[in-house]
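Scrolling down, you'll hit the structures one after another.
Two complexes follow with subunit A in common, the first pairing it with subunit B and the second with subunit C.
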Partner chain A sequence: MSIFTKTRTRNTRPRTGTIVRFVAVLMIAVVIFFPVYVSFLGALTSNGALVRDGIFPKLADFTLGNFRAAATSIPLAQEYLVSVGVVTLQTLAQLVTGALAAYAFVFPQWRWRKLAFGLVVITLAIPGESIVIPNYELVSSLGLRNTVLGVVLPFMAAGYPIFLMRQAFSAIPREVWEAARLDGAGDIRALFGIIIPLCRPQVINAILWSALAAWNGFFWPLLITDTASARTIQVGISQLASSEVGNPAIIFAGAVLVVVPTMILVIVAQRFLVNGLSRGVLR
Partner chain B sequence: MKKAVLTIAVATAMVASLAACTSNTTGSDAGGSGSAPGASALKDATGVTNITVWHGLGAANGVAFDKLISQFNTENKGRINVSATYQGAYADLLAKYTASLRSNSAPTIVLAGDIATGYMTDVKQSISAASMAKANPGDVKLNDLSAPARNYYTVNGVEQAVPMNVSTPMLWVNTDLLTKAGITDTSSLSTVDGMVAAANAVAAKTGQKGFTMPDDDYYIEQLAATAGQAFCSPDNGRSGKAATGITISSGAAKTAVSKLVSLYTSGVAVDGGGAGSAGVSAFTAGKVGVMLNGSGLLGVLKAGVPFQYEALPYPTSGSSSKVGPVTGGSAMWLSKSATKAQQVAGWKLETFLTSPTSQEQFSQATGYIPINNKTGDLASQKKFLATSAPTQAFLKQVKNTPVNTVTAGCVSGAMTNIRSANVNQMQAAFAGSKSVDSALSAMTASAKTAIAQYRQQLGQ
Partner chain C sequence: MPRNTPERTVRGWRGFGIGPWLVLPALVLLLVFYFWPLVRSLQLSGYASDIIGNPTRWVGLGNYVSLFTDPSFLYTVFISIVIALLGMALATASALAASVLLRGRLLGSGIFRVIFSLPFAYSAASASVVFAGLFAPSVGVLNVVLGAVGLNGPDWLSRPLPAIWAIAIATAWYEFGFSFLVLTAAVRDVPSEVVEAAQIDGANEFRLAARILIPIMRPSILFLVVTQTISGLQTFAQIQILTLGGPAGSTTTFVYRLYQLAFGNGTPDFGRASAVAIVLIIIVASITAIQFRLFRSEETA
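Take a look at the complex of A and B:
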């Protein structure tokens, strides 16, 4: 076989494989992105334009009227602020409680720590519906109904961030922790000064999960709040749908207003998301 | 759908936990009476009497309702202050109301959806409208209100709640497509057979879809009512015995449903989706000939569509003197646990909301039918009706609906669960993955189970 033949074989095989992979990924991306595209189009065009003109509507059908209608039907700005408050409080609380719990499960040696961690993992299997009533009674008895704190309180700790961070902390050589302790660092300083910086991608992953879960919460905020002053945007946009006949375009507009912050968050933090997930896999 | 399942699951759990406090009286002597206070309870109150109203009116309906509340507050400044809050769709509202009963924080008035009537009666936490009207003769005149709507909220001869917003299911038609299909006389669509024929003609001659409707059991129940068949047995739970099951798998109702399903399996109909948004989008785009939907669709169509449309009566398949659709909407339930001053204040609010002028304003903004029959006497309403043929059609249908147990609709606290379960079967039948017989049998079986479980939770 001549060197020319060998060169051709080495160059074509990887290119064909790359093209096939690219096409497959592109098709999956289209399938995933298509509903998002339709939602944005539905929000930006008049009712029926999508069905009439297909997925490339005419320029004349574009309008911002749906967003205006959505913004005037509900106290959008106020509910956005409440959502930001809920996300901030809940995420911060879950980060702190998760980090503290994960640290306790990994570094200090104590009896029953594996059992305790097992109990935390079991909570992941408990359906949310089964704890709504006890949470409602607890928050009501504390006089926190219709407050942002009441929305956040039952979710200030969660099993998944604890699990994520525990797995991340387990990957750090114990010697690193012992060296920090030998240098005089207490538990808190070791955790926030040494351990967490070493697990930044996984910690950011946990933050993302907590933030998205807090942003997307609907039934609990609806149940525990009575007025717009404490309501999140998810509850607000549900009001855009009439119980009997809804205006699809306005509902699309509301959905877009809610999904845009989460899209921005994921796009900005996707590097950490992938990094955090892959580190877990490689370990 | 996931949110609906969660809501129903939580509500079911809460109902079970309320069992010790309630009993199933639907079908026996329905209660909710309490002792109704008279006007002196409010006159003797000092300061401002604050009351709360929970409702499920979203979109433009919520805006119109809030406007009325604001007007009431202005007129009663210093005496009564109303705080009205949207609490989610009707199912979410009911779950939240149930939770509030457990924590003794129920609102003064809850604007509960139509199918909550059985549950609201069973939990016995409301004062009946009949007793409040008797104790306050100067306020709400129940006889001025729409008889079919009052019929819906009357259980065992006692009117339990005052209807606030009433809708009626209609057959909406794209007259441009019908004309292209050779149908110029829309009176032929007054029957189910006529509607099916028109849908087939549109599909065959125009290339567009012939029919759509929301995947909502409400429209299947209507097919039973307009066939002269009670959706639930016995007698829709309205004649002294609680409902024990549904009748959809037999009789004229089954025949009507089968004809509807044939439109889907033959490709003439397009699936409207669970919330109906897909069907509404397709209809407003001019791609569908006829559509079953509520009177509230008028608000969407008025915003502008590229074709001529008309609202026709819901198609029947029974003798017109005995049949008619069941009204939809919601009614105001006055809490027994509120103070007497709050109860009378709430009754004053109900009087305001059901007055001819309030109903005129509300109906014109939302597409709901005015609940007060005297609204039609207002000069401004007459002027409005002259320009709105669909509204005239709504009013005519409700006026012509005979008042009997069939058109009263089914009363059972399990209706929310029944509707939710029936949707899956409907969709399977539409998709052709299940035969009509099989789907209707499954609906009947699951409804029987749901009703039995509900009655068991309430201790019966």
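Take a look at the complex of A and C:
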């Protein structure tokens, strides 16, 4: 089997073209893969092995000790649990508030529908990192600093999932909704029983985006928590990076632990994410 | 839109309709946590702050005047834009190359696709943590590898210029994943007849990419240029984890300065921090407005 899987009726030129293409792709792939490779390898080998033996280590270097060391340096397990809680709550909240809003923007006719949707679209243009001070004041005044609810509260609704689901719902023929309503289904039944099942791929896509954003949040959780009880794993590993400056192996162990769930998601749902992007991102 | 029975029933429901009630939860949350902060930031930016950060007396544009007469803030504006553009350009260009080169069949293209989407799994924070290990002085792996191929890597994080590059590289790497996914979707959406027609006309791979693919992918590229610039202007995790704004303030971007002013070690100054926020909001809003214009002219063209 050769790399020239393209069976065109041309002779030499496309072949050299394919080789050049392959080599170029390989070079980019080496650069992109390097941080992933080194961080996984570093996490799995004893500290200093990477510097001593280079990036192809000896079998004797392998160890799981770095994960244990990371877990004694920061309360990893607890922070992991907090992150799981934040992802669950935030994703669920965005799904419910988003699906209800998207439904209302597509099916029932009402007076300020356009205006309300305009407001949702505007939030997409507001830089999230720049509105933290008022949110900090507000969440603090509610006594929710240092709680999981405080981490989640400002993100219980988000413009992007609303936008994605509105797109999806708009593609459903109006007659489907009308038929459901004539059969006596209420709005909630029509939404969760008929509309959402019809748009399953796009709704799952919206859920994926909400979950990724929730897992990956950093600035807000850093500001609103000051003890481990509500600190997310992203904030945890950033503290690991500063407290273990001389021990890259332990830093890498933290990075590996935090990225494994999302990495599995990206590998499994890769095709799916691409599909969602081509339909979703650009109007 | 035709007005038929179910609609009218809904509309007639207590004369107002169910629509507003369904939107209410999302809208209230967005008004409280997105729109109110805009108003409040604007208000706060007009006040001086007491030692715990609370507003004390009205100073009008005083906070803005003190920011824009402070050379270190002007530098913040400059370096935020530089880092945003560098990160965006590196990420978009390399992702464009990767996605166009991977078009069609190629040995191992499945594996390459997975590798290229891996950075998408990282957050800005986790990517920065990885790069903290790579860039670390004396124990960092990057310079060991560069040394092995005969290159002398700088002491990345202790001098301004290498530190700026380090931030841009970490940012570009983490943005690459999203860019690749968007551009791969765009390549795939190029009609195959167009590509085949060009090949029959004898276009080689390079001409095919330059004359056919990239022009068709223009909206996606434009989208990335705008969104990655905007997210680059909000760079925070990379700074907090890699440089803490240093060395000597050389990587103090907008959001990091906001963070230092409002939540840093000194006395909190919500007034000036809010002025920084408003400046950033205005810049981002203008870029978004330009984007809408561009997209609109693209559609009508």
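The definition used in the following text is that the second predicted complex is superposed on the first by the 217 of 283 C-alpha atoms of A that agree within 3 Å, B and C clash if a C-alpha of one lies under 4 Å from a C-alpha of the other, contacts with A are read in each partner's own complex, and residues count from 1 in each chain.
Note that a residue touches a chain if its C-beta (ideal position, glycine included) is under 8 Å from a C-beta of that chain, and two chains touch if they have at least 3 such contacts.
No experiment lies behind these values; they were computed from the predicted model shown.
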{"item": "Which of subunit B and subunit C A:Glu129 touches, first, second, both or neither", "value": "both"}
{"item": "In the superposition, subunit B vs subunit C on subunit A residues touched", "value": "C"}
{"item": "Contacts of A:Arg181 with subunit B and subunit C, given as first, second, both or neither", "value": "second"}
{"item": "Touched partner set for A:Ser140, first subunit B, second subunit C, both or neither", "value": "first"}
{"item": "Contacts of A:Ser73 with subunit B and subunit C, given as first, second, both or neither", "value": "first"}
{"item": "Touching partner for A:Leu198 - first (subunit B), second (subunit C), both, neither", "value": "neither"}
{"item": "Touched partner set for A:Leu92, first subunit B, second subunit C, both or neither", "value": "neither"}
{"item": "First, second, both or neither for A:Gly17, with subunit B first and subunit C second", "value": "second"}
{"item": "Subunit B versus subunit C as contact partner of A:Gly48, first or second or both or neither", "value": "both"}
{"item": "Which superposed partner A:Leu223 touches (first subunit B, second subunit C, both, neither)", "value": "both"}
{"item": "Footprint overlap on subunit A, where subunit B in one structure and subunit C in the other make contact", "value": "42, 48, 50-51, 128-130, 132-133, 136-137, 218-219, 222-223, 235, 238, 240-242, 245-248, 251"}
{"item": "Residue ranges of subunit C in contact with subunit A within the complex", "value": "1, 3-7, 9-11, 16-23, 25-27, 29-38, 40-41, 44, 94, 97-98, 101-102, 104-107, 109, 112-134, 136, 139-141, 144-145, 148, 173, 176-177, 181-182, 184-186, 188-189, 199, 204-205, 219-220, 223, 230, 233-234, 236-237, 240-241, 254-255, 258-259, 262-263, 270, 273-274, 277-278, 280-281, 284-285, 288, 295"}
{"item": "Footprint of subunit A on subunit B - complex, ascending", "value": "3, 6-7, 9-10, 13-14, 17, 52, 56-63, 83, 85-90, 92, 95-96, 99, 102-103, 105, 113, 167, 275-277, 280-287, 293-294, 296-297, 299-300, 303-306, 328-330, 367"}
{"item": "For the subunit A and subunit B complex, residues of the former touching the latter", "value": "42, 46-52, 72-73, 128-130, 132-133, 136-137, 140, 145, 218-219, 222-223, 226-228, 235, 238-248, 250-251"}
{"item": "Contact footprint of subunit C on subunit A as seen in their complex", "value": "3, 5-6, 8, 13-14, 17-18, 20-22, 24-25, 28-29, 31-36, 38-39, 42, 48, 50-51, 54-55, 96-98, 100-101, 103-105, 108-113, 116, 119-120, 123, 125-138, 153-157, 159, 162, 174, 177-178, 181-182, 187, 215-219, 222-223, 234-235, 237-238, 240-242, 245-248, 251-252, 254-255, 258-259, 262-263, 265-267, 270, 273-275, 277-278, 281-283"}
